[in-house]
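Note that the chains take the letters A, B, C and D in the order they are written out, and that residue 1 is the start of every chain.
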Amino acid sequence: MMEIRLMSYGGLKDITGSDALGFAIPQQAVSVTELKELLLARYPALEGKTFRIAVNERFVEGEFEVGSGDNVALMPPFSGG
Amino acid sequence: MMEIRLMSYGGLKDITGSDALGFAIPQQAVSVTELKELLLARYPALEGKTFRIAVNERFVEGEFEVGSGDNVALMPPFSGG
Amino acid sequence: MSDKKPKNIFVEGPISPVKIGEDIAHHQKKTNIGAHSIFMGQVRADSVEAAKVSAIEYTAHQEMALSTMHEIREAIFAKYPLTCLHITHSLGVVKAGEICLFVFASAVHRKEAIDACEEVVERIKKELPIWGKEIFAGDQYQWKENRG
Amino acid sequence: MSDKKPKNIFVEGPISPVKIGEDIAHHQKKTNIGAHSIFMGQVRADSVEAAKVSAIEYTAHQEMALSTMHEIREAIFAKYPLTCLHITHSLGVVKAGEICLFVFASAVHRKEAIDACEEVVERIKKELPIWGKEIFAGDQYQWKENRG
């Protein structure tokens, strides 16, 4: 059991309901792929959305391991400028 | 015998001595090629200079005929901006 | 010249045209500059179905945006012989007609200034974690998407 | 929009950065604009042997310059979907550090504004009958030549 800090940007904020919240995970550590499954289970509206995940301000994917207290940012395609 | 109005631009003004002057021509009409020869004879420093000729605000060359009262502009390469 | 520490690029609200004029004036001391290239993004009152965009509200992942912008600056200075490069992007609400992005590249010759400015604009649009929320009259909104 | 009659592009002396800021501000009413691309030429204090350029004095064949600029405008509006295009070029003395050329292209999307602005700058340099006389300290001068 651990908690990560989940930050949602752009339109994803409308799905998670907050730009920053604690997100509890039953394991001690998860891969990014596993985290995505947990997120989809908790927020079904994420299904089909395009987004990238940054952990502690670096883009990560696949087997990268997410641990307790990490800052996890969900980022949809950028639209600055 | 006729006179044209000779306008000199950029560095060519330093050669003809004026930005606008009357230029007498012994014939009634000359081609641009003939005019160039007359200009080189009158202003030897034009030799080897790159320039184009516009008559009444249009670029002309070769057999184009220059007549009495025409505005003849001598224009070196442009350097605006 | 490129710096070691990421510079801030964000301002709250729109970018003032008066400020842009002042920025241009400040470069008159640098008499080795021959060419300035500027890009400005302006919020469009786009029509979506019956509604018109009245403003865009910008949010960003600021730390990631600034560190990415720093990398872009370093790459641009390595690639082009620029005299200077200034970037400003709005956060928060920018109304239709107001300026939200200002990129200002200066160099000895025009080609470098023009090419660098364009490349910075393209990279900002693609790489900076910034999001625009298009706001319509009556609290409705949709999330902006950049064209390729 | 393109006009039937050639517009004047010439101003006596340098182009004021304050005026440029005001020009930008005037475009905030046009809420269909999404992108502005600006090019500015600035007089460089180039060194030639021991001497430094202190100013450039511009002269032009004004009638030919304006009619050629009119043709360029028509061609640019035919090629790019621009919202507007403004051009200003100095005549007379412009000191080192001051602005002598201002090209301002606006469009719905950035690509058109950027490409049109660059093309106008290139065509101005190549096609407008304008000459710059580089003035050094102590009345010396040489005639400027544009790089390709």
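Heads up, the rule we're going with is that a residue touches a chain if its C-beta (ideal position, glycine included) is under 8 Å from a C-beta of that chain, and two chains touch if they have at least 3 such contacts.
Keep in mind the model is a prediction, meaning the values are calculated, not measured.
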Treat each pair of touching chains as one step and give the shortest count from chain A to chain D. 2
Select the chain at the greatest separation from chain C, using centres from the mean of Cα atoms. B
I'd like to verify one number: the distance from the centre of chain B to the centre of chain D, where each centre is the average of its C-alpha atoms, in whole angstrom. 28
Any idea how many Å lie between the Cα centroids of chain B and chain C? 50
Indicate the whole-number Å distance between the mean C-alpha point of chain C and the mean C-alpha point of chain D. 23
Tell me, which residues of chain D touch at least two other chains? 41, 110, 121
Note: chain A residues in touch with at least two other chains are 81
With touch defined as at the top, which chains are paired up in contact here? A-C, B-D, C-D
Enumerate the contact residues on chain D facing chain C in the complex. 17-22, 24-25, 27-45, 96-99, 106, 108-110, 113-114, 118, 121, 147
Can you list the chain B residues touching chain D in their complex? 7, 9-11, 19, 54, 57, 73, 75-81
Under the definition above, what is the set of chain D residues touching chain B in their complex? 41, 58-61, 63-65, 67, 89, 100-101, 121, 124-133, 143-146
